[in-house]
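One structure is given below, represented as structure tokens, and several questions about it will come after.
Letters A, B, C and D name the chains as they come in the text, with residue numbers starting at 1 for each one.
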Amino acid sequence: MDLPGLIVAPLTPFTADLEVDERALRRQIDYVVGDCRATMVVAAGVETQEYTYLSLDQRKALIRRTIELVDGRVPVMVGVSHPSFRTAIELAHDAERLGAAAVQLLAPLRPFAGPPTQADLVGYFEAVSKETALPITLYLNPGPGADVSIADTIALARLPRVQFIKESSRDLARVSRLIVEIDRAGHARYFTTMQMLLITLQLGGSGATMPPPAAEIARHIIDAVTAKDYERAAELQLQFALFPGKWMHRGLAPVMKAAMNLIGVPAGEPYPPYQALSGDELAGLAAVLKSSALAGRFAATAAA
Amino acid sequence: MDLPGLIVAPLTPFTADLEVDERALRRQIDYVVGDCRATMVVAAGVETQEYTYLSLDQRKALIRRTIELVDGRVPVMVGVSHPSFRTAIELAHDAERLGAAAVQLLAPLRPFAGPPTQADLVGYFEAVSKETALPITLYLNPGPGADVSIADTIALARLPRVQFIKESSRDLARVSRLIVEIDRAGHARYFTTMQMLLITLQLGGSGATMPPPAAEIARHIIDAVTAKDYERAAELQLQFALFPGKWMHRGLAPVMKAAMNLIGVPAGEPYPPYQALSGDELAGLAAVLKSSALAGRFAATAAA
Amino acid sequence: MDLPGLIVAPLTPFTADLEVDERALRRQIDYVVGDCRATMVVAAGVETQEYTYLSLDQRKALIRRTIELVDGRVPVMVGVSHPSFRTAIELAHDAERLGAAAVQLLAPLRPFAGPPTQADLVGYFEAVSKETALPITLYLNPGPGADVSIADTIALARLPRVQFIKESSRDLARVSRLIVEIDRAGHARYFTTMQMLLITLQLGGSGATMPPPAAEIARHIIDAVTAKDYERAAELQLQFALFPGKWMHRGLAPVMKAAMNLIGVPAGEPYPPYQALSGDELAGLAAVLKSSALAGRFAATAAA
Amino acid sequence: MDLPGLIVAPLTPFTADLEVDERALRRQIDYVVGDCRATMVVAAGVETQEYTYLSLDQRKALIRRTIELVDGRVPVMVGVSHPSFRTAIELAHDAERLGAAAVQLLAPLRPFAGPPTQADLVGYFEAVSKETALPITLYLNPGPGADVSIADTIALARLPRVQFIKESSRDLARVSRLIVEIDRAGHARYFTTMQMLLITLQLGGSGATMPPPAAEIARHIIDAVTAKDYERAAELQLQFALFPGKWMHRGLAPVMKAAMNLIGVPAGEPYPPYQALSGDELAGLAAVLKSSALAGRFAATAAA
């Protein structure tokens, strides 16, 4: 993967019957690879991809199909998160067979009350590490996953197989410290999220993971930083001030799906019971996106 | 189900190969029904039952086997929690076919950041309600599930199919208010947990849900309250002051499994990576249990 | 102090000019001592007493006036909480001179980010302990004060001068464990709050601290428990299910002041910017109180 | 005040007798004005200044002395935070008389449980606004102060007298949104803190508030940004990754006092019970500072 890394997690489009809509997925992956210039694609790895609704067989099918549709254009990282390390290993073995470049594994909640200890977390990651040759991304997402302390994050980053970290927090005191103590210290590559992208790159972090179409804006930020045009980068970064924050009461997946539908790369509706944005919300979102780096997509859509 | 209700959730014993140990399960269910005198048994319903590690087929097998082993002695409530309402419905249909008396459904986390709204929660429970004739237990367990506000809990309790509530919080300001606004108001039966049992019954709540062997102590509390021997009830309730709290850094399932092993009803070890109690911890736990209502079990075990 | 203890914290009535209204205070203290039969009165000790708005001189005057108005009928405990241990000591010396029976000291927030360590907390309480002969109540109120862990609470309770604990949490798992590890272990007397009163007494805790008129209901609960009439006690305890919880979005002081005004023992309005209950809220509160142990006060007020 | 703003809050040096050490204060203010080139100095405004330990008279004396020692070289902003709006107004009147340029006011906790409502917060700020002609800084510091939502922050920023905001959070999703909706929308100037400085400036925020000697590093960051040398700015910003985070278990005031003592501008020890850094901690801190923009101070100190 080229650095700075733009790891993109395609949204999962569903048909009216709540099956994965393969046609929409194909169109989206072309957008992610061709237009966002993802340096890596994630298959069923982050919660925004709504993979937790799928049966294990549906999830495996989504992973396989994602890899086929990316078709070697960029490396693919496969989400293998599961409360059972055994199922995570099973998914990792699948990923190896399918030619994945890495696996992504959520630091798990302890199901029965209380936070996991460092020994619990290390034990879980070691159990998976032993059974796969692929590099592992430690995925930190408090809520669906555990809230991992700075000390425990560093302990996990020191495991040889853990070569990437995807951090969902927007706490810059935490993230700047971990970039130094993990990424710059050589333990693992540190990836954050859209609101954190510019400062992550400036401090020496490795990039960010996010869904489209945020990823298209992120691509422009990365290009500006690579060109050392920091003022342009800041102007672009500012586009993440209102989008998606202003609509986050709906959740990240519904906002990103709405944005994709608006720019003409249909991603369907949220899996029930979560609802699509209302007409007023869509109008507000469209207004914000039309003054962003995505503006050109609207013209193209209107013309089409 | 007779009231006050003692709803018991058997622990899931695993073999060394991490399969469900049916022999230990049978022994445990006899203890739960015969010695704890459960008024209802839960199959794969609460997180302490470690069902999240199982594949869907293993989970269905555990449910079926639990119902077979209870063998009609008491009603069985089947856990159908799943991020997808479709899978919850599939499990509910299974439960109906197997003769279950009710289903239990966790108020779900929104997978992609932020708390679910009341509309999200009501939508999810209504989707399942429409497809099953069985009464539903609303299961509240912040962490694995959503942290549902008082107002949203009341809204869910008003759904006709929601006839029971299982609340995991130990917040007595919240619980006493909800007992009045839900149970005494006729919307649903309110069940709490071990530390809350006596005060729940005194305030007019309907009982509690818990794993064994806590359930055996709870049986004595319920008997004492039924006999209006409140001083005896308080003395017994006090046994939940140190057990399981003092070992909760290990998590509830490991503590309860350790206690079962100590009293001679083997329940196996925690599913990895979670670890069994250390020797010192076991000794401390044994000392506490030997001065509890479970003391007699130790003599029986020693004699055997 | 007789046990079970009913420690009552009079509300601070303010005139239109925001001075302490001495006439209303006198009337209230007579109610607290005569009708609620407080076993101890707190002067400027808990946040509900709105003492933080006062200058140090005003606060000292309120303490002195409270002691004069109680006039030896029951012991008085003086609040000495202050970020500076020096000011706490100064207030404790005042309390000694005025004949107080004890002082109450909030476990303080660390002003500059992060929770205090056990060493910080013990250092602070030891600094005050060294300079006063009076017994100290450790006051636990996360928010205005620190959120003290179970282990740190036990460490503080072991200090010889710390003879009482006032716990504001409604977490019964925490409280039942601390009653055993602190009160029944002989380290300090454990006092809780209104929603926790009955179960606290049943488990062997020493009583509760609260403002009027909740204290009048609490008096009846204590009398019922003393008479071993646990069913009556539970019926009374249930009166704390809606009151004050249903109006707590207004805060505890405004709700209690409203209730006092309704029962004919005027306590004035909340200190600005906090607002009095609206007309609709007052009507709802009156309806609940009229079906409580305070019902008789309404008749008396109407007749007056 | 010139923008970007570097608002510096001198630490409060105490003598062994816990009085304000005027000589050390003078030396420090010269450092703050001369070396850090503060664009504004805060007198007794932020919690790190340990002003909450002082009596009101001591606090007024500290404010007066700070203004005298700054001696017109830069504007001074006076902290007027107090639970009572009356005392805040009294302090604001003092500030006017002393020639202050602005006042700073903490969004207060509701003393008696539960978060303040938007009406509570607006009422409090309006009460102070009515009585002073000085611009007000809304100070957001959850813990000692309220945790103010995005919507409530915007409502407060729209008050005409509220012209500055000092935000203590390191949540970049929140801060980037508020920079757009408040600072760029023209409602108030947005100031953050050390870890957030570079990205704040890049997104169009107005600067940051902090104590020395962090302020000296911040001065270099601001100079680099002003010179459009963003790579140098990022390199300097990185110096806040470990300092002060790695020692924050001690709290911000003890870490900053230790750093000041190390660079030869003595700031005394933390007010008890909080303790100074241990020998090992000091050695670690010195090593980090010697590779920072403060390195030159060590040479100067050694030479002196």
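Simple rule for what comes next: contacts are C-beta pairs under 8 Å (C-beta built on N, C-alpha and C of every residue); 3 or more make two chains touch, one makes a residue touch a chain.
Keep in mind it's a predicted model, so treat the numbers as computed, not measured.
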Steps in the shortest chain-to-chain touch route ending at chain D and beginning at chain A: 1
Per Cα centroids, the chain farthest from chain D: B
Distance between the centres, which are taken as Cα means, of chain D and chain C, whole angstrom: 35
Whole-Å gap separating chain A and chain C, where each centre is the average of the chain's CA atoms: 50
Per-residue multi-chain contacts in chain D, two or more chains: none
Contact graph of the chains (line, ring, star, complete, other): ring
Chains grouped in pairs wherever the two touch, ordered by label: A-B, A-D, B-C, C-D
Parts of chain B lying in touch with chain C, wherever the complex brings them together: 170-174, 176-177, 179-181, 195-196, 198-199, 202-204, 228, 230-231, 233-234, 237-238, 240-242, 245-246
Chain A - residues contacting chain B, complex: 18, 47-48, 50, 52-56, 83-87, 109-114, 116-117, 119-124, 127, 143-144, 168, 248-249, 251-253, 271-275
